[in-house]
């Protein structure tokens, strides 16, 4: 089966159903391992004590919030360029999970901020940009709900997410541009990480867990979206016929 | 030469029409008929390149028409269901701007002459907002005189026109096809034109 | 058949600058015919700016500190109020379809409309800003900084807001949805714009703010007409 065939919703539907549980399982395992590293293995921080451990949830979810938005914008661009329905459906299925990641990042950031800086919320560049990202997700979801015609909704949301994607690099580099309360990016691909190796491992493991979770949930959600949007199609009718026979 | 190959269109989940094919040579008129909601306007907009068909192709002068392709925008004149007049501007100003945007700026004398020809000479300085439906439709007839385009796509051009207006419309369409143009029109009423130039396509 | 008084002219090429000029002239002409509507929007700006001292406290130093932010937020809200008009009237009476069918490049026509929008909504706010800033007791130097920041920032509002206006054409919940879509994109402009005066007040230079605003304006000048044209086509689809 080549990639072109895979871009048809009817072909992709069973593939998604077969692949998603593996990602879910991997996410669960990585999640357990990551949390164990975070709460049992990693040493207590010199300055912040035990409360710093929330970084293990905060940082991966923040990374994922930005990454998912970029992937969503990518699928939107694919949809606009190649006019494929499945690309739009993938973008549609990613939006709620991305919003959830952003929400988790903001919430854990606030919980971390209280004992560390004395305040739940500080209007620094990074937290503010994360809040903006949440609004961007809400905007894409709201626009999709507001437009009845699925094709127009696909294309409008694709355009909106591409325009919003300009914001994501600004978030990432804002730490360099602004003097803020936020600690400088501790993990970068080029510079040596400033934290202990175990902390880094824990965060990366949890980031991977979040990534696999997102893929699994997105695949399950896209299955539901395919069923909803292709509901007149013959392959769905025959599939439901088969299901009725087996249950 | 306007060619449609196996066009299909959808609205939401239902198919409006499918398998629509035709070939129109120069000097011919295609009338689209069908009940309300059968997709006549959609087909016209597909030919104009405003919307993409669900499947099928359109070819104009042997080039494929993709949505908003420059060629079709240069060669086609779309007279939409709504005349597209700004209420705040006069009929004359509306025509001037429409001609300028079509790349064929019209001197004021031409605009006056066109409005006289559609019996709106007296109303040329009134804001378009006070014109009746029939008068607004006549302004779009005037545009047909001022903007030279080989392909005319007319959506319900006979709406709100009285007998004199209908006669004028028939004259304009007739002159256009005699000069080698092509006309595609959606209509509920029969246009008074020589039968050998007419093709009809019924949708729905 | 009537013969026309003069032969028909045809422009050979459909250049972008001509398109910008045509679209801007058209929209300016239309705006001047609805002068009352423009006046109301400007009045809205003045009223919103005047609301804040009434809601908090007329204490002078507090007002002076808040002034740049208030002037900026009010400009944002006034821009939001005027954005549906950018494409809305054309969409409703069928002339947007005609614009999309024009042989001129649609991004150029869209940028002409955005330019006219700024000239009729943003620029008057910039002109009024010094007066309103005096009302808040700002120093002359800060008044200049705020006005300049608005001068660079308000075009960005017209440009980015235009994309949102095109995306929400004919959509349920139009105005509020437009605000939800466009305000997050505005926020960096707000931060850098209002922050310019704060930086100068703190004794720092505002050059970083203005550089970033200027860069944003350049990016918007290039990108917003393209995105706006794409959004118009999506809306007409």
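Note that the chains are named A, B and C in the order they appear, and that numbering of residues resets to 1 at the start of each chain.
In the analysis below, a residue touches a chain if its C-beta (ideal position, glycine included) is under 8 Å from a C-beta of that chain, and two chains touch if they have at least 3 such contacts.
Predicted, not measured: the structure shown is a model, and the values here were computed from it.
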Which neighbours do subunit A and subunit C have in common?
B
A-B or B-C - the one linked by more C-beta pairs in contact
B-C
The chain whose C-alpha centroid lies farthest from that of subunit B is chain A
Rounded Å distance between subunit A and subunit C, as computed from the means of their C-alpha atoms:
33
Please report how many Å separate the Cα centroid of subunit B from that of subunit C, as a whole number.
35
Report the inter-centroid distance (CA atoms only) between subunit A and subunit B in whole Å.
48
When you check subunit C against every other chain, which residues touch at least two of them?
237
Residue list for subunit B, restricted to those that touch at least two other chains
52
Subunit B touches which residues of subunit A in the complex?
83, 148-150, 231-232
If we count contacts the way the header does, which residues on subunit C are in touch with subunit B in the complex?
1-2, 4-6, 8-11, 14, 22, 26, 29-30, 33-34, 89, 93-95, 97-104, 106, 109, 233, 236-237
Considering the complex alone, what residue numbers of subunit C touch subunit A?
160, 163, 167-168, 171-173, 177, 180-181, 183-185, 187-188, 191, 208, 212, 219, 223, 227, 230-231, 234-235, 237
Touching residues on subunit A, where the partner in the complex is subunit C
80, 128, 132-133, 135-136, 138-139, 142-143, 146-147, 151-152, 155-156, 159-160, 162-164, 166-167, 170, 177
Which part of subunit B faces subunit C closely enough to touch in the complex?
48, 50-52, 67-68, 70, 73-74, 76-78, 80-89, 93, 97-98, 100-107, 109-110, 112-114, 116-117, 145-146, 148, 171-172, 175
